[in-house]
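Lettered A, B, C and D in written order, each chain numbered from 1.
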Amino acid sequence: MSRPIKKIAINTGGGDAPGLNAVIRAVVLSALNRGWECYGIREGFRGIFEPKFFPGGGVIPLTRESVNNITHLGGTILGATNRGNPLEYPMTDASGNSYKKDRTDEIISFFEQEGLDALIALGGDGSMGIANALSKKGLRVIGIPKTIDNDLNHTVITFGFDTAVSFATECIDRLKSTAQSHNRVIVVEVMGRYAGWIALNSGISADAHVILIPEIPYSWEKIVAKIQEREENGKRYSIVVVAEGAFPQGGSVSVVEKKLDQEARLGGVGERVTKEIEARTGKEARLVVLGHLLRGGSPTTFDRLISLRFGAAAIRALEEGKTGVMVALDPPKVKCVPLDLVTERNKQVPLDGDSIMTARDLGISFAD
Amino acid sequence: MSRPIKKIAINTGGGDAPGLNAVIRAVVLSALNRGWECYGIREGFRGIFEPKFFPGGGVIPLTRESVNNITHLGGTILGATNRGNPLEYPMTDASGNSYKKDRTDEIISFFEQEGLDALIALGGDGSMGIANALSKKGLRVIGIPKTIDNDLNHTVITFGFDTAVSFATECIDRLKSTAQSHNRVIVVEVMGRYAGWIALNSGISADAHVILIPEIPYSWEKIVAKIQEREENGKRYSIVVVAEGAFPQGGSVSVVEKKLDQEARLGGVGERVTKEIEARTGKEARLVVLGHLLRGGSPTTFDRLISLRFGAAAIRALEEGKTGVMVALDPPKVKCVPLDLVTERNKQVPLDGDSIMTARDLGISFAD
Amino acid sequence: MSRPIKKIAINTGGGDAPGLNAVIRAVVLSALNRGWECYGIREGFRGIFEPKFFPGGGVIPLTRESVNNITHLGGTILGATNRGNPLEYPMTDASGNSYKKDRTDEIISFFEQEGLDALIALGGDGSMGIANALSKKGLRVIGIPKTIDNDLNHTVITFGFDTAVSFATECIDRLKSTAQSHNRVIVVEVMGRYAGWIALNSGISADAHVILIPEIPYSWEKIVAKIQEREENGKRYSIVVVAEGAFPQGGSVSVVEKKLDQEARLGGVGERVTKEIEARTGKEARLVVLGHLLRGGSPTTFDRLISLRFGAAAIRALEEGKTGVMVALDPPKVKCVPLDLVTERNKQVPLDGDSIMTARDLGISFAD
Amino acid sequence: MSRPIKKIAINTGGGDAPGLNAVIRAVVLSALNRGWECYGIREGFRGIFEPKFFPGGGVIPLTRESVNNITHLGGTILGATNRGNPLEYPMTDASGNSYKKDRTDEIISFFEQEGLDALIALGGDGSMGIANALSKKGLRVIGIPKTIDNDLNHTVITFGFDTAVSFATECIDRLKSTAQSHNRVIVVEVMGRYAGWIALNSGISADAHVILIPEIPYSWEKIVAKIQEREENGKRYSIVVVAEGAFPQGGSVSVVEKKLDQEARLGGVGERVTKEIEARTGKEARLVVLGHLLRGGSPTTFDRLISLRFGAAAIRALEEGKTGVMVALDPPKVKCVPLDLVTERNKQVPLDGDSIMTARDLGISFAD
């Protein structure tokens, strides 16, 4: 490899995820350990593009003190993570019109001017795409995978996912006692636009009765059938866990939506499922949307550890001369995979995987 | 007092609350300890009115085994709690028309026929009213106060409240890191139709920035002012905790609702506040409704203990010949208060109480 | 009132307790709100006596930033709390001999020199005694009660206690499943040298089988009797919760200790009870000492709130011209009591209180 | 395969582990789903050997009702797990002398007599050895790996481990604030006789300062050096996590033990390390032994899921005609490995693994 590393920067992109601070801590301490300086870019790449916005500077030195006692903290010490994508950054021209601009060259220039030798980029599929683009332009880059949804390929797991599943499970546990006390159906909507990992894992762990995920289009009739089967067995309550991205089978028509005109179409999938269950079963149904609750908070021990391991692995990868790769978990090891391979959020729940089979054996219905 | 007690029954009314099972355990063990038999009426009073509905019987013996290992369980082993009010029980006549009927005499008769000497009635204001009516008709009755909302008078606290406040606080903690990472306003709607106890206690404990409660009508302008004050101090996120029953001051007009026609009027207070904040500040705001999450789940240690103490105190009260009273917490003691005094949910947060003063000193705004 | 208040200081004494940081936050924000400056004395009074020890200064300004986001943090931002008592501060003379000295006059002088108008003193009985002594010498002082053990008189509860009881309960819950799986007796030693509050409340909440507290001397025979009674009922495991300060009845002789010579005398009460149970019952018994685990950690929601209320109340008391008093909880209010009254740790569990009666009704033995 | 399966039995061996009940639930529901009957052997194999000991029968039918709502419960519904090993079962002859006997033939006979077609055996290395022996004698057997310690080979993880690590981490978090408040060294002893997995993972996750594991013999001098290095940096507290099986390097002599005679030799490794640190550094050191606390309690979501997956996979394996194998996690899949391969607890922490490297980069010392 070209010149030896002396200074690196780290940034975080995409939504909040428990474990971000633990990754940052491990990156910083591992870098300092090698005698490298480490800098943090604030709010995605905004710290580079709009330095004046930040009184203390848009790119700040990260010291041992900066990362003291942050392993267990939710959020990120680098600030808001879902700022503009530098490949199509939101701009305003002189006449006030909005347009988008590729500003990756500015990032490259910034690194050169400041003598920064490499970037550690934390984020999901979008951020890995940006990291890849920067890598193609010559920047040394190591990516670290982060999606709550666990839908990133080439890594068995992403950090933040275990925390999200754990809290969703705790919430479903709580809702179960209430559903039972009130003889109700409770519909729990969790994150998962493209993949049903959170719904599946929390639904199994909390003994839900129906789980609806994007990978398995559901039938309204089958949802109702499960609830009625339970009713006949004297279980007059049910828990239905729904991933945001779940949708009905082609031929399965909503009786509720047929009544509504286009304008009043229902909001999220959770609302749709709740209303439909009430309409079809005559039972009281209630919706609980967990959404934002799953993004934040202190990481579980599992997420703390995997985050620290990812952070340290990224620095070792840099040291070994790697670039254009993402660290990934291939248990029990952490490995590196080319960023070229990880630009899509396409890791769906395998239909023949053992988790789906387990759920079916436990009597959980996917309404298929 | 008349005849000595040999057999008693217990029932639970109103919504789910963490601690119900702990109360039942203490009632049953305390009764058995005195050589009394103890029976559980299933699903409110339904076990008496519709015994055939329950394969195992509508009123079941409760033994040591029945209450083994249930202190920490959410829900209630007696089943759904919010069944019909016996003072106006929902009925259907021969031609299928609905009407309401006072069925308390049937309860009295049932107790006489079955040789049941007393009733332990768990519930909120509604259930205490029923208990009082039964007491006036000659039944020996001891009430045990239960509202998640803590709005029952004559007791410093009700069981279930500490669990609700604790979980709400944990949720707000989680949402804070997300709000901060995304520079957003997050509005958290919690229970509290008549009183703001949950909103106030969880909002203070989790360092919220704005708390809206029924006791203090809010001004839209003041909500916005607080968010903007924070913005100017570089804190680009805010947490607003709203009790279900909060409402705006007379002269404070919603800019969002003015635009909407009557039909499309917004649902809950949380939605209204969220939309209004977005409209007025231009910032992203998100709503999280905790509702049902606060009713269920395993009771906190505080609630376990107070529930067990209430249950045991109710049996001691019966033994001492008391009737027509409710056990109540008057720290450090448990005392009895006449049921005549506790028929309203009217314990509101005192405006000159030290919790309100504490919140103000911490810089929390009530938007008043 | 003498001169108006412009600058105050806060210190923390005695052992760690969850909620210390929340108190500090409320004191600081409430003081700043009134336009007062607020200073923190580091490590008890050491910051005054040995300022050179602290690179950043022994008495440091506390700002909004200093107390940001600390409500939920265990420990104290002011550093080690159990430093020397200024009434008998450990000293070393020129020849290296140790002696003790009353250094309260130096504290008074320091406050005068620095223009500090009042002291907020956090701590247990020892710290309240010091606060009282300072008050008698003319310093304006408000005390805030802190003992994990809850054994301070004139306040229904002290902060930190709910957290300790909650974690002890969680630990006993865990140990129960293990005791049951292994058919063992597990002895759990908890804090409580003078009073059995933690043992009693956690033992009841976690459905322990025997609770030993200083207020009720135990009989070895009765401990064994309870374990054997359970055995006969097919429950081949038992949980015994022991407060540090529990001790046997006069006539109840240990079979284990009789065998041991003076030197080898057993350590803590937990060890003694465990060995004795093994010797007398022939069952496997295991000891778990929770000690330090109960002191630390994030405060429960209950403790967060009471801590914040205490802190704010202390500043209001100062504002109202009070001095020589301690804030105290008299639910639902926070009140002030003269420091003269609170110099002993003598609030024991009342033997005729309803908690003891509740425990007995639940079948828990005090081995008396 | 011989005859089709109609009836199976399940047993649990070895110590308690969170997740046992979840495994049982998945085994039972998966079996019933296939129309098989399922039986539970109580207390290891004691239910077969001493049926009269169990009033309700030593081998009991397991129904849907038996396994309702048990996923999250600690312990096992089959009772004490660490009963005698049937390969060398403790016996007493007519004259009262103890001896050991291989009773596996009785198990085989029992299965034949009762028409039981297969055994699902849960346990650690010992139980897998027994399962293997039974398999060699012709019984259809599927093993399910369980050790808290995670030291079983051929599976990436065992159930119960994540719960143990998580609770250890929470405990260390709590102890940290106390250590800091008191300027102390706190030594935390965790399980791990042969391998340091729990110490390593919890020590990293909780930002411990020294971790001592069986895989890396420690030097007293290096432990002291780390504590003093921190002291010099103004960090006057340290957390030392010690696995039960950790031991000093050959040449590293204890100053404490040298003073003690043979009899008084110190107990566990934790006590030895604590005393030595006090003797060498002059600082206050305190020991906390987590031991039994890590075995019990409700499983984490991670352990719930892996337990359910293991249970369901065992039944699928039987259905596919497999025998003499153990289910194992090879993420993201569950696979089967021959029992012949898993008879030793020999999966130690790899010294060149990324977790060790991560710990070193975080500044954690292994005192090597």
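Criterion: a contact is a pair of C-beta atoms (placed from the backbone, for glycine too) under 8 Å apart; a residue touches a chain by one contact, two chains touch by 3 or more.
Being a predicted model, the structure only gives us computed values, none of them experimental.
Of all chains in the assembly, none touches chain A and also chain B.
Taking each chain's centre as the mean of its C-alpha atoms, the one that lies farthest from the centre of chain C is A. For the pair chain B and chain C, the distance between mean C-alpha positions equals 32 Å.
One finds 42 Å separating the Cα centroids of chain A and chain C.
Within chain C, the positions touching two or more other chains are listed as 170, 173. Which chains touch which is summed up as A-B, A-D, B-C, C-D. Those residues of chain C that touch chain B in the shared complex are 25-26, 29-30, 33, 69, 71-72, 156-157, 162, 165-166, 169-170, 173, 201-202, 204-207, 300-302, 304-305, 308-309, 311-313, 315-316, 331-334, 353-355, 357-358, 361-363. The residues of chain D lying in touch with chain C in their complex are 15-16, 18, 20, 55, 73-76, 79-82, 167, 170-171, 173-183, 186, 234, 236, 286, 288-289, 291-293, 295-298.
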